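Structures follow.
Next come two complexes built around chain A: one with chain B, the other with chain C.
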Partner chain A sequence: MSRMQVLDRLVLPVIGAAIVLGIWQGTIAYYGLARIVLPTPLEVANTLWKLLGNSGFWHDIQISLKEFFLGCLIGCLLGIAVGVLVGVRQDARMVLGPVIEAMRFIVPFAWIPLTVLWFGTSLTGKVVLVAYAVVFIMIVTTARAIATVEPTLMRIGVMLGMRPWEIALKIHLRAAAPAIASGAKAAAAVGWIAVVAAEYIGASAGLGVMITNASMSLDTSTVIAGMIVIGIIGAVVSWLIGVIAGAWLNH
Partner chain B sequence: MSSISPKTDETTSPQEARAHSSGLAFEEISHAYVAANGTTPVLRNVSFAVESGQVACVVGPSGCGKSTLLSLAAGLMEPTSGLTRWKGRSVKPGTNPDLGMAFQQPGLFPWLTIRKNVAIGLTTRGMARHEAAKQADEMLETVGLSGFGDAYPRQLSGGMAQRVGIARALALRPKLLLMDEPFASVDAFTRLKLQAEFKSLLKLDKPTVLFVTHDVSEAILLGDMIVVMSPRPASVQKIIPIAREDRDRAGPGYARKMTEALQCLGVETNLSGN
Partner chain C sequence: MAGWPTDRAPMRRISPKPLLLGAAGIAGLLAFWTLMAFWLRDGGGVISRLPTPAAVAAELLEYAGADLWRDLAASLEVFLAGWAIGCVGAAVCGIMIGRSRIFAGLFGPVIEALRPVSSIAWVPLAVVWFGFGFTSKIFLVGLAVFLVVVVYAIDGSRRIPGDLERTASMLGMTPMQRFGALVLPGAMTEILIGARVALMSGWGTVIVAELVAADFGLGAHLISVQQSYDVAAVMATMVCFGIAGFIMNAAFTILEARLIPWRAE
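What follows is the complex of A and B.
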């Protein structure tokens, strides 16, 4: 990478952020908004700085991340397993296909009232919700990726003496891995959104709870700081998955 | 029902084929593909036998079901009717430990190194990893690719990838070698080279070979017999035995066999302007 490119990669994103901050500050000035409606970027930055020194804030992040990772893990594993099954076996496709097609359009948020009813504000409810949000994306991407694996590779598997499960794992799943990894990236984004949404409605701790509490005490600055943290964590998680998947696939 | 399989010195009737317990035999094979919009018959009453250690080249119009024949021999599918026998036993879907197969596309696993691509069949069949790697390296050397063991398939040219596909099949030391137009997708010069290499490789283990090609000259060069198929639904039109002297491209035998096969395929051979 040349020096020019390095400079571009540093400077251009800053320009994007500056535009957003400019519009933000400009809106406050133009409409003469009160801090309680929309605090200035500087105030939010200040709040964010204070939050970083607050152990409760880190606890909330930890809770949210825990729910997210557990849910993602369960959803991904289950989704990949079902996706392989549906992609490889026609009978499984016929049994599960319609159910999956129907259920994947019931968005996770529609389940929140039920999960609150069933699991209360516990960790389990959030994990179930995240897993639900993730699982359908994983099933559909996995099954689709497996259906497009070069058929010669399967015939070669049979020729080489592989058993059906070996062909499913060593050929189907491995050949579909890059597509599955990008599916996981998309699924993680939806999973993270589901965590926060679930916490908004029924939870005892987590980033969503922190934000709703701040909102009720009219601490708008903390609300916005929390939203920024959600955005940053989501972006970092998505980036991490991309890096891990890339490193593993191109070992 | 009476067999319509052609009678030459090299062929046998289905009843006799059963007695050949050493090679590959197709016995009154018919096959149709069933799809939602109807059935497509591809093979009709195909019978012929390849004796152990012999090379049979199957030629025929494109789409006539040559590859189907290979898939049946490989146990990748079952015929609608009829029987495929290998060493006297009927071929069932599933794994045949005697089998090695190469395809029109090299079909290498893009995530494995060349060495691992060749070794994977050996490890699948239970060989220790380091021993398989060693044998893979030896086979790569035999096909002229020593030093490429650590490369990945995307770094290879088409002809090189095709060689790896063949090396993978040969590394299994197959007693039954099935080749589905393995040289069709490489350039003419590489093809000539690969044909010559392949010919000498066959001398190592003397496998029974079923070699599908659309190139009659390739069939004469490599085969002990040429099985000429009719258009779809294909049956055996003629079986042409090839003797050693017929492979001399400048000799009379080569021209005679060439003409015989091409006429059988319905190709006009007299292009000399007479």
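What follows is the complex of A and C.
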């Protein structure tokens, strides 16, 4: 690394983080803020450390992740299947297009109260919600990606005597895979936050429950620590999808 | 150049087929919904109650005759204020980070670290800080919009072609002139794309903020009808959210065509 790069990538970010932490600490000192309003960075770090040794915290993470992965899996598979159908067949696009467009505008968060009424605080409700959040993003990105697939490829497939489902699977899906992977990244981010939001309204365990409970008992330090964990998990999930997609595409 | 043949074939007759098939799709959905509603009428399976589309429509009309407009105005007020604050803040910060290496080094990583923490995760903290009122929701919506738009603003202000910048400095334009003539319009294109993407994330945040910190608005209404187990009213409110989102998106498309006509193709 040249000296410029060291400055840009190491020195300045550290100073930037120090400025933010300094403002944080300074605000508390200047206004004399109570702990329940804003704990110090050190207190948050301490709370985070304590949480890591708490089995209830790992249980909450496990619940949230389970809801998220099940919902994501169902939503992705369904979304890719419908997306391929809509992308390949024009008549399917004409029939399903308006329905998809109409449903897309009802954002997943608006479904939370209904899923609570229907499924209570159970796992099913969250899985349905995450699947709903993911499915439309996947349908739209898949269909768009397939529309841009080189038509010549398809003609070669027809010439080679491939069946329609073979063409859809081996040509369309394969050519559209990179775009689908980046769609899955965006969908996973929305799905993860939908889990947290659903847990605010109706759930008995999970990260969303943990931070709302902490907020109600004015344990702000745990709220902030929970937010950090939610952010880290979101970033890790997005990174994992990138890695898996990359490995699969280069395969 | 009017009259020249283009690849868009302006004289092409509009075929009724897509319209018919689309209507068939919507009709199919409604028919399926109605059938399910009758099938589940006596409490079948997990879905404890599913009202018919007609019942939801009746509920929607009743709500439209009562508090809908007040609630909608409250939600839109929060949304527009938060969205405007978020967009302007993101434009200022994004251009600063995009144009200055020092700012980019200092605050780029901070913003990157904040971005995975969605504004939804800030709801409990906002409740502690600002209570259940207007400020709390504006803060959340503003944050949601900021975190989306700032990325586009950074990107847009960096994407000014180097040739244009060199030409501008060769012509002796002052930094201020260059900023007004080059950087701002260039960044603005990307910022408006970001602002459109942020419409839906901002609107989603309004919903969650109102569900949790309910006093006024569509989300507050949604939670109150949910607590009285009125499934038809819940679904009617969801439809209101959808229609409002759709209208916002359409309105923004028109606005965008006005603001950056060179993009509208």
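The rule is simple: the second predicted complex is superposed on the first by the 228 of 251 C-alpha atoms of A that agree within 3 Å, B and C clash if a C-alpha of one lies under 4 Å from a C-alpha of the other, contacts with A are read in each partner's own complex, and residues count from 1 in each chain.
We adopt the following convention: contacts are C-beta pairs under 8 Å (C-beta built on N, C-alpha and C of every residue); 3 or more make two chains touch, one makes a residue touch a chain.
Just so it is clear, the structure is predicted and the values come from calculations on it, not from any experiment.
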Worksheet item: Looking at the overlay, what does A:220 touch: chain B (first), chain C (second), both, or neither?
Response: second
Worksheet item: Taking the superposition as given, does A:111 touch the first partner, chain B, the second, chain C, both, or neither?
Response: second
Worksheet item: Taking the superposition as given, does A:24 touch the first partner, chain B, the second, chain C, both, or neither?
Response: neither
Worksheet item: Which partner does A:69 reach: the first (chain B), the second (chain C), both, or neither?
Response: neither
Worksheet item: For chain A, which side has the bigger count of touched residues, chain B or chain C?
Response: C
Practice prompt. Could you say whether A:7 touches chain B, chain C, both of them, or neither, answering first, second, both or neither?
Written response: second
Worksheet item: Thinking of the overlay built on chain A, is A:158 touched by chain B (first), by chain C (second), by both, or by neither?
Response: first
Practice prompt. Once the structures are superposed on A, label A:91 by its partner contacts, choosing first (chain B), second (chain C), both or neither.
Written response: second
Discussion item. Output check: A:249 vs chain B and chain C. Expected answer is one of first, second, both, neither. What do you get?
Written reply: first
Practice prompt. Please identify the positions on chain A that touch both chain B and chain C, taking each partner from its own complex.
Written response: none
Worksheet entry | Residue ranges of chain C touching chain A (in the complex, touch as defined) | 17-18, 21-26, 28-29, 46-49, 101-102, 104-110, 113-114, 116-118, 120-125, 127-129, 200, 203-204, 207-208, 211-212, 222-223, 225-226, 229, 231, 234-235, 237-239, 241-243, 245-246, 249
Response to the item:
In their shared complex, chain A is touched by residues of chain B numbered 71, 74-76, 94-95, 97, 99-101, 103, 105, 107, 109-111, 120-121, 124-125, 168-169, 172
Worksheet item: Okay, in this complex, where on chain A does chain B touch?
Response: 150, 152-153, 155-156, 158-163, 166, 171, 174-175, 177, 249
Discussion item. Quick check: in the complex, which residue numbers of chain A touch chain C?
Written reply: 7-9, 11-13, 15-17, 19-20, 36-38, 91, 94-99, 102-103, 105-114, 116-119, 124, 189, 192-193, 196-197, 200-201, 211-212, 214-215, 218, 220, 223-224, 226-228, 230-232, 234-235, 238
